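Naming follows writing order (A, B, C and D), and every chain is counted from residue 1.
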Amino acid sequence: MSKAAPDLQTVVTEIAEEMAQRPDRGEVATYIPELAGVDPNQFALVVVDADGNIAAGGDADVPFSIQSISKVFTLTLALGMVGDRLWKHVGREPSGNPFNSIVQLERERGVPRNPFINAGAIAVTDVILSGHQPREAIGEILRFMQFLSGDNSIVIDETVAASEKRTGFRNTALANYMKSFGVINNPVDFTLGVYFHHCAIAMSCRQLAMATRFLAYSGRNPSTGLSVVSSERARRINALMLMCGHYDGSGEFAYRVGLPGKSGVGGGIIAVAPGKASIAVWAPGLDHHGNSHLGRIALEELTRRLGWSIFGT
Amino acid sequence: MSKAAPDLQTVVTEIAEEMAQRPDRGEVATYIPELAGVDPNQFALVVVDADGNIAAGGDADVPFSIQSISKVFTLTLALGMVGDRLWKHVGREPSGNPFNSIVQLERERGVPRNPFINAGAIAVTDVILSGHQPREAIGEILRFMQFLSGDNSIVIDETVAASEKRTGFRNTALANYMKSFGVINNPVDFTLGVYFHHCAIAMSCRQLAMATRFLAYSGRNPSTGLSVVSSERARRINALMLMCGHYDGSGEFAYRVGLPGKSGVGGGIIAVAPGKASIAVWAPGLDHHGNSHLGRIALEELTRRLGWSIFGT
Amino acid sequence: MSKAAPDLQTVVTEIAEEMAQRPDRGEVATYIPELAGVDPNQFALVVVDADGNIAAGGDADVPFSIQSISKVFTLTLALGMVGDRLWKHVGREPSGNPFNSIVQLERERGVPRNPFINAGAIAVTDVILSGHQPREAIGEILRFMQFLSGDNSIVIDETVAASEKRTGFRNTALANYMKSFGVINNPVDFTLGVYFHHCAIAMSCRQLAMATRFLAYSGRNPSTGLSVVSSERARRINALMLMCGHYDGSGEFAYRVGLPGKSGVGGGIIAVAPGKASIAVWAPGLDHHGNSHLGRIALEELTRRLGWSIFGT
Amino acid sequence: MSKAAPDLQTVVTEIAEEMAQRPDRGEVATYIPELAGVDPNQFALVVVDADGNIAAGGDADVPFSIQSISKVFTLTLALGMVGDRLWKHVGREPSGNPFNSIVQLERERGVPRNPFINAGAIAVTDVILSGHQPREAIGEILRFMQFLSGDNSIVIDETVAASEKRTGFRNTALANYMKSFGVINNPVDFTLGVYFHHCAIAMSCRQLAMATRFLAYSGRNPSTGLSVVSSERARRINALMLMCGHYDGSGEFAYRVGLPGKSGVGGGIIAVAPGKASIAVWAPGLDHHGNSHLGRIALEELTRRLGWSIFGT
């Protein structure tokens, strides 16, 4: 960050205040009671820079359901386990369809387009599960999140996981459909059990921004120096987030925000300014693509004011 | 570029030599004789940095048919003419389908997903044409290319344009289909006439790399200081190139190369390393998505060796 | 018809009177002025039995635009010209899509599902045209209609044909799309010219019911004894009408009416009760599938009262 | 049947002998071991006329897995239970897609196109199940088959049912997908349990031809005089069979055979010549649409020789 740049905490505070006052808050997800009951007036924004400085605004320490944001971390785990063999189970192209579409699966013989649509994330979860008990796989994913954020207090919201399981007919359809093509190897109930649990991890923006750091710094945590993935893999995960991180709103996010990012239906978004910062934002209300309405707007403001777009200053 | 970086001309020369020797050259486009007859053993790579230094390798001054690369420049022109009203005619999302697919058009009432699939580029051309004669619009596009590259010798290959017109049944279908939804305003023949002509512009990699400079430098030509578009618009065009510039191979390009880019079926690709360089590469043989096979590989090598990926070092 | 059957003319008169009084008249097609201006209160029903008895009700001698009804006769002509080789150009399955859908064409490489969707009828027209001038082909189709109905006064409404040509962007899209796959052999403008003209033939219900007789009687006109097609071909054309004659409302028509039939957007429908009668009905208002609203209801009443369903008494 | 008609038993015997000798036997279904092990050289043809005369050829008393043929009878049962309210759960149009396609479901919010594709039959089964235990519903369906065929020895092949359950991932996907739209009301496992069981009913051609009689005679068994459904309902079920009874080979079946019919992946087909006969044929080898290869050819021969096509003589 050059000297002329505005002070990071000031920008974050300003944006958090602006967002708190906006009347347009989107629509909270309603498919499970646990999400439907979240107060849409909450907002949080946390930015962690290369030196480990943390700029936080709003409800930065309130945990929320990370939902699909978990897909970035399960992708990272699965790549660590099987490397590029993962791409036999899932593609790397934008789907051009909503997050839970099954149409593309029929045309492409059960192989999901990318790891961030539901079908793709289920296929990735199936790879992580291989040869383990669901309980072990869930534990591994949770410990990975705790390790990345440096915070062992992170837990899974079992009520959310149970609700997802009870109502997840569409995901059950996707998993069985892939299974019919041999893309899923474990029992469908096992794979979905793990999937529903990692989506039900509860984290705050502070924890998420910390957990995302390795993607901003060539695969390493710049404070500890510990390498999580190779620099090439970090770049590629970032590329996938940019292309596919917001379902059929990915183009809009790239166009307006200009950072790799991943949203969850709980209203969270993580984003990466390579070499500069890792970011987490939370506003529970969603737009019609299922992405956080104010979360996206806040990130657009942030990159605009700080000149952080990867597409130029 | 920091001092530790390898010398740009050295890298370019190395890559050009490596590409010249590779036996896998892809398949030259065959749908018109003018493209089918191009020698697949040609290769060119030109990089222009912020200071105007030009690193060139291979057949850097051989003109080729830029084809869909022209879509970046017609998009720029159309945005200059009508601003954000353009987005009533065309979307900004990846299509998830091949370049000439008509399926998405039926579902979305004739509005193409983005300006870089054929249907979208035809819709953009229609906007440029509005209120002009085809000849005038063609002239304007050509002059824009000459202006951007600082080279008045650039011409349209009329033989290519005539061949496209003679065999362009699928594009004629797309244009009529959009017209049936009111998305195309001019007579279809006029719009397609302009479209076929701007796709038939012949340029060398040197000319293309020069013409692309404004996208690398916040919308301005850093040598002349002349502003072509606002910095915000330059970023957004780059975002569109990254998301949609390589049809249903866009994810692969982002994943491997990590730069915004746009390919043409003539074997050319332009790419942008924001703040660092504008790039043009040419290798006539295509992969199965219709993108230059060795062009993509050369760019992957270039960004890898120079650390230019927008997704991190 | 057994002695217990109600008198045919009585049934026809009753139905015509009932239909005249119904307030639900559907929506007249509006895409060309000539159709939009038709009075929706008109209604006609004509039934010709095996002995040549004609039962007529309503506006039985008012000519209207037969539109897609012509597809039955061009199919008959094309089969006469090239026999089963026709099926290389067009399929024989229901499409499950609206009449002007282009989606299926993309998936099946330009070969339309059946001869009664627009794309299929254009492909059939292209076969008829082969080796002739458009004017000759149009003349041949018109003379065939005159021959079948025994009425040389039948003409083409050139105003309708010209309107169709002026506004037929979607059909132009379909034709060019098929041409891009090599399914259309003649110049697209020629084929479409013939297509628009045969759709613009104007006939009354009386003329249409007469022209349809050969399909009800094993391919022969029972009055003249002249054979138009073989009995097997007549059966097969009837089968195609039942499966595909009402676009994505074909199932509904079979379910409710139980006769092979073909509708046109001008509000006409022809139907065949094999061995018993040929039928034409006309009511200009359409349902949401583009089929005559009251025409279908009148046919449902007719078959119900006379026990003519091919699916049982 | 007029006196000039060939003797029914003679025709059946001839066709059975011809079919026995043909080398082209199609491919036996392989997705479960119980079907994969069936001898493809078997063949049976049974025709029952209005007077109850039975003409049988080949392996007429060998039971086989009726599979999707059961869908005709569950449709009949469900219509008897809820009448036209059934059509809120399932449509009446040909799908234009293979039997197990999920694409159409996404576009039409979980409502299957017709009762004879897998999704539609599962929705029908769900209606039958409503308010009952799976065991009761299975018993009711089985007793209905026994009643219709007048043969209490008919049983369910539990091994087949268990195999289907073990491997039915695609049907599980379809059911869960519909459940996600609220189209399925019972627990998915219950509905599928009933579905897999009625598909696993084992019957001979003799039993099937008897069970189908009511559809040929206005809803009544002509020997007992007992009415199963109203004449209108019988006609409508026949119409549905004609339109949708052979998946995306329905057009071909109507075109060649000209009778309403329903096939099963076990190689059986039932067909109806209204007022004349009910028919069952069995040849285990399938064509590429999943319909019995020789079964269809045998029926084509039968209707040709006897002049039974509903589309004319």
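As a working rule, a contact is a pair of C-beta atoms (placed from the backbone, for glycine too) under 8 Å apart; a residue touches a chain by one contact, two chains touch by 3 or more.
Fair warning: this is a prediction, and the values are worked out from it, not measured in the lab.
Think of each touching pair as a link: the shortest run of links from subunit A to subunit C has 2 of them.
With each centre defined as the average position of its C-alpha atoms, the distance from subunit B to subunit C rounds to 48 Å. Inter-chain centre distance (subunit A to subunit B, centres taken as mean C-alpha positions): 32 Å. With touch defined as above, subunit C holds no residue shared between interfaces to two or more other chains. Pairwise, the chains that touch each other are A-B, A-D, B-C, C-D. Of all the residues in subunit D, the ones that touch subunit A in their complex are 101-103, 105-107, 169-170, 172-177, 179-180, 188.
The residues of subunit B lying in touch with subunit A in their complex are 91-97, 104, 113-114, 215-218, 231-232, 234-236, 238-240, 242-244, 248-252, 254-255, 258, 260, 272, 274-275, 309-313.
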